[in-house]
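Quick heads-up: structures coming right below.
Look for chain A in each of the two complexes below; its partner is chain B in the first and chain C in the second.
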Partner chain A sequence: MNRFDYLKPVDIKEACTILADKGSKAKPLAGGTDLLVRWRKGKVCPEYLVDLKGLGLEGVSVSKDGGISIGALSTLNSLLDSEYICRNYPFLTEILDDMGSVQIRNRATIGGNICNASSTSDLAPILLALGAKSKALALDGERELKLENFFLSPGKTVLAENEILADIQLPPFSKKSGAVYLKMKRNAMDLALAGVAVFLTLQDEDTCAAAKIVLGAVSPTPVIATQASDALVSAKIDEKNIEKAADLAEKAVTLVKKEVRPIDNVRASSWYRQDVIKSLTAQAIEIAYKRALQSIKK
Partner chain B sequence: MKHTISLKVNGESYKIDVQSETVLLDLIREKLDLTGTKDGCRSGECGACTVMMNGVPVNSCMVLAVEADGSEITTIEGLSKGDELHPLQKSFIEKGAVQCGYCTPGMILSAKALLDRNSAPTSEEVKKAIRGNICRCTGYQKIEEAIMDAASTMRGDEK
Partner chain C sequence: MSEMTVVGKYIPSINALSKVTGQNKMLQDMKMPGMLYGKVFRSTQVHARIRKIDVSKARKLPGVRAVITAADIPPRVYCYSPDSVDEEILCSKKVRYIGDEIAAVAADSVEIAQEALKLIEVEYEPLPGTFDTVKAMESNAPLVHEDKGSNIVGELDKEFGDIEKGFAESDHIFEDYFVSSRQAHCCMETRGCIAQYAAGGSYTIWAPTQGPHNTRTQLAEALGIDKSKVRVIDTAAGGAFGQKVMLDTNVPIAAYLSKFTGRPVKLVNTREEEFFNSRTSYEFKVYLKTGVTEEGKILAKQARVILDNGAYTDQGFNMVRFAGVVFSVLYDVPNIKYQGSLVYTNNQPSTAFRGFGNQQINFAFEAHLDQIAAKLGLDPMEIRLLNANKTGYTKATKAFINTCPFKECIEETARLSGWAEKRKLYDKQDKNKRFQRGIGMAMMTHTGCSTRNGGFLAGEAFIKISEDGIVSLITPIVELGQGGTTAMTQIVAEGMGVKMEDVRIINADTEVIPFDPGAFGSRQTFIDGHAALAAALDAKKEMLSVAATMLDCKAEELDAADGIVFMKNKPDDPKVSTRDVAKYVVTQKGTLISGYGLYADETAPEGGRTKAFATYIPTYAYGCQAIEVEVDQETGKVEILKITALTDSGRTLNPLLAEGQIHGALAQGLGYAFTEEYVIDEGKVLTDSFVDYKVPRAEDMPEMVLDFIESNDLGPYGVKGIGESGLVPTQAALANAVYQATGVLIKELPVKPEKVLKGLKQRGLC
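Entry: the complex of A and B
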């Protein structure tokens, strides 16, 4: 067993100081549901674990414009219990409800999920689709980050060793918008083999004003399928004609496939993941469109 | 590094020294001798080590003992009142929801956490509540029945 010292800073300043002092010898500890497993398997051997819980980085706060800031140390279950999220970002509640087990969700945090930069994160695609931002804290100040620039490779992010992810900020969710994340997996506790997040905003009942499609679990980091997203923008979506929407999805998918370098491994081959992405994208666009329509009619 | 922590387990207060690397599971089993909590996969997959921490279920293999400083823990030993078994324990026996028994403590604590929040769960909600608990013997049907039955008993439904 690799030994480490557990350190519990009392405030953010102390946490940043420790991280700056210890450098690569230290690892920040959030929920520990990934870190402790990897430590036990010998995949990470930190000399220090710096517990970030209890520094006030928990909870959801509503900003003036109706958007939210989610504290990075918020557990997934605390977010699942958030009425504001359930009312204003119901698709997020839906995703959280289908992540891991109750036991895992009581420990795992949203910041941990993001900072792990796992290619199979269920949260990253939808957060990217929504255009989430984050704040990183360090001793010498703070900086704003766009989540779409956050992931470098599996396990690697733009955060420096002495920085702490403070929050995830979501813009307000418009009345004309619909969003969904669909994933393919074998059973309840399984990781996604492929995932697609779609966020649509309608101009009116027929026309799509803005769209963002983000793919997860098919590439080392989440992929914003720019061409696929653009293909939907300003396009007419005829409610009465489901086929037309499906055609658009199909069109989006052929563009999607060019942008993706699918993961090819023992869990699923690349051609299978590609096929799944195609089908999931079509389904996700349809669902997001229906949801946007429903919210317009409300 | 040694840490001195204080915590309550099944209502009893403890002040105890632990190493940084000690996980809650080992503290409970090895130091407190409460071996009802089972050691399974040690990676948060099987749920055999489930305990309640401040009222919610967690995998005790994935919580450092030092992280549990100041918390209240309930293990399977904390459910019965003397010789009087908890309704969930009774139901598990009556419905034959126990075969080898290794998953049972974790199953029952996950079920208790569900019933604490939701006294009348649907079968779908029961399945979701125990999806972090793996049983390799019974096939879950009897476990689900036992939980539904205990819920009914705890609500005081007429039978």
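Entry: the complex of A and C
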């Protein structure tokens, strides 16, 4: 690791000023669980480390419509402890509980996870499926971002060097909805070999009103499987349609394959990642559907 | 003797408190006045001639105290094995794998040392490399060591009975091929040491090792100096698993850095270095041919194994031999042929690993045997029992099986795993269902006490007793976390009749302890336990004779247990405490009590000199495991539902620690079987972190049902060594279970979902 200056701004304005001032020489520090690993490996070598902790970007606030805004600097374990999330977005609690180790979750933040833009992020697919939005802060103002446009490539996002991700906003979770994220992994505490997030809203007990299927770990950025999602809309959730959607999800990987190099590494071959997407998708649709049904019946 | 007071009892490790409170200092915690930090400049090439090394810029960096290359140290090629001297401390002309040592730096801090590495310039002339053992044996393969004239380091060819006759008489002959891949040890701490040079040319080394005397011998050999010039002091170890049997290549480098600077030098691997440089287990390619009768009796079995030595020779010769011995001895077969080759490649060198080659060959043969059983329509348990070993001499190899709980191990495994019902149930399951279950088993034999290789199988121990009755055992036992020191404490307490809390262990320092090669081959509780028991009995005799004077009776009338001396005919009437006897002897008699113990296996020298084969193991231990799985046929994902492990312990000295050994072994065995894929691509290690190299986490462990068979063998109180055997049958048991569930047999470890899914697709099952 190179020599560097550690800077601890007292407010957002100072943080934005430093980031604007130092440009690419600076790196914002949230939990550091990704940054420090990359740093030690020599993949980044910032001259200034700008600690964003303690700027008031932590915590969960409930909006009027029942949706939430999660401060980007909230640690994963603090979100795991959030009763509101557990009650209203239980699938999110489920994902958080399976991420990293206790020690990692004590440090890692939701904003850090998103800004790190790892192709194997467990949070990105579900947040995309939910249609999450974010706010980015800079000296000259703030802007709203749709998370589905956020990721450019592994490690790269639409955030400018002088911008800070402030929060992740989730719309209210409807009484008729169900969601789940499933991932294939080798054993405990593994990165996803393939991941599928499914978010369904039902019209009635049989028919699906809206659906979004997002695939993780099969390409450099999360893939919204549009055709697969569309196949479920206004359709009956039965074996035939689930199979159809799962097939389309697998095809979505093929479509991606044409454009970018699919992930093919020591953790899993690209054919395997693609192959299990079908099975994962079918399973995820079934679970999301069951959850939505349960929710209606309540 | 009345009932045991501490032997056979659940007793926590005597180091438990210091470990959980952080008092147990590891090498990484240690600092010495004036200490410098070393770093090694390693080859980035798999195979290349060194044209030029320029360290001038590194030498000028402020804070750098020494930079050394081969040009700065006496030229010397060394090896543990005198048959294959091939390694330099720092490469002078050629590098042979990625990670090979070229130069080293000592600096005021690790950061400065790392900075200095970046200033070292090396010009290479790249050479073609060789990575696959079969290709490396071909005549046109690039030579890893030109002076050897061939990449074949050594070969072993053994035949017992008449193999061709055996095949001719067989009703069926089966042939198969398996690959047992490498496994990384993954100790909690990475390898390293602190070296201190002293005027007069002597060195002191602090390092976690599996045998400080072995380290001393090998360092003296590497440096070309007298052994008496080297002192090794063991530090606490976070596991070893065979990795710390052999000299860490960092040690001679740190020794020279200390010599050049006159200061202590600490040199510790990063985790990445640990993965690509600190050696792994040997990859085995295994070709099998087996002849059986219609009934399933094995008449002939033949194995051809090829081991990836890597770039330098380590334990390969011993491993070829040991794997051949356990292959030949498991099952009583009249005709056996075993051929082993040890082959140089431009991969990282291989070294010892818990199990010492047994798991590699066991996986192949035990999976092969299930295939034979399936073809003959036999239950896997049946075919094993039909060919079971018995007490006495084996038919072909004439190995002597002293105690043989083969049948008990397999029958208990079957009972505890519900073998018969489950096997039947899963045979009849609906094959169209997505989730399929299976149960598989594997049997093993392993040494119950090291080998007679090299002719040495002995141990010594000394006991001194302080004036207040504290009993100190001076022993070569090495504490790696396995509980060796706790076992010695129990043996001394039981043997002498003193309280466990009154026993102290003095070990770890070659200047203090008697000679001993170390903790490997499941040997120390057996050998050093015998010596400790002998020393305890010797000291007890003296103690009772003093007590007899105090009590005005005959020593023969007395006994002691749990710190109390009593009359044999009145065990419930305490006479005097062992502490009081110790006080009395100092204050009233003006003398002291001590004890000496020696264990020596009389057969050892002969076995060593003749390089015996199966007869070189003093006693064999048995074990059996059954694994139950559920396979998702859509994804190939295997879930382990339950593992049943039976271990022939001889006598379980301490069930708590014995269970710990088996739990740990199962985790390591399942890791090897299942997720620990060590990927080397053209000599480059791709799995150099715990993100890519997946060792099992606590939550990955399935239900484990353990039991021990007490065969009452030759060790102290009847023990056999159990340090290694727990991971031997695990791989085959898993592969066999997956085979029952899916009809897919994975022949190359690990059994990963991708391979299972590929197998299912090939069979048209999904």
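By our rule, the second predicted complex is superposed on the first by the 273 of 298 C-alpha atoms of A that agree within 3 Å, B and C clash if a C-alpha of one lies under 4 Å from a C-alpha of the other, contacts with A are read in each partner's own complex, and residues count from 1 in each chain.
Rule of thumb we're sticking to: a residue touches a chain if its C-beta (ideal position, glycine included) is under 8 Å from a C-beta of that chain, and two chains touch if they have at least 3 such contacts.
Fair warning: this is a prediction, and the values are worked out from it, not measured in the lab.
K.L.:
In the superposed arrangement, does A:49 touch chain B (first), chain C (second), both or neither?
P.N.:
After superposing on A, A:49 lies in contact with chain B but is clear of chain C.
K.L.:
Which partner does A:10 contact after superposing on A: first (chain B), second (chain C), both, neither?
P.N.:
Once the two structures are laid over each other on A, A:10 reaches no partner at all.
K.L.:
Contacts for A:1 in the overlay, against chain B (first) and chain C (second): which applies, first, second, both or neither?
P.N.:
So A:1 meets both chain B and chain C here.
K.L.:
What's your read, chain B or chain C touching more residues of chain A?
P.N.:
Touching more of chain A: B.
K.L.:
If we overlay the two complexes on their shared chain A, which of chain B and chain C does A:33 touch? Say first, second, both or neither.
P.N.:
After superposing on A, A:33 lies in contact with chain B but is clear of chain C.
K.L.:
State whether A:106 touches chain B only (first), chain C only (second), both chains, or neither.
P.N.:
first
K.L.:
Which chain A residues are contacted by chain C in one complex and by chain B in the other?
P.N.:
Touching chain B and chain C on chain A: residues 1, 188-189.
K.L.:
Could you pull out which chain B residues touch chain A in their complex?
P.N.:
Chain B reaches chain A through residues 1, 3, 20-21, 23, 42-45, 47, 50, 53, 56-59, 62-64, 66-67, 110, 113-114, 128-129, 131-133.
K.L.:
In their complex, what parts of chain C are in touch with chain A?
P.N.:
Touch residues, chain C against chain A: 111, 632, 634-637, 674-675, 677, 679, 686-687, 691-692, 694, 696-700, 752-754, 757.
K.L.:
Report the residues of chain A in contact with chain C in the complex, numbered from low to high.
P.N.:
1, 184, 186-191, 265-269, 272, 275-276, 278-280
K.L.:
What residues of chain A sit close enough to touch chain B in their complex?
P.N.:
Interface residues on chain A, with respect to chain B: 1, 3-6, 8, 32-33, 36-37, 40-41, 49, 51, 53, 77, 97, 100-104, 106-107, 188-189.
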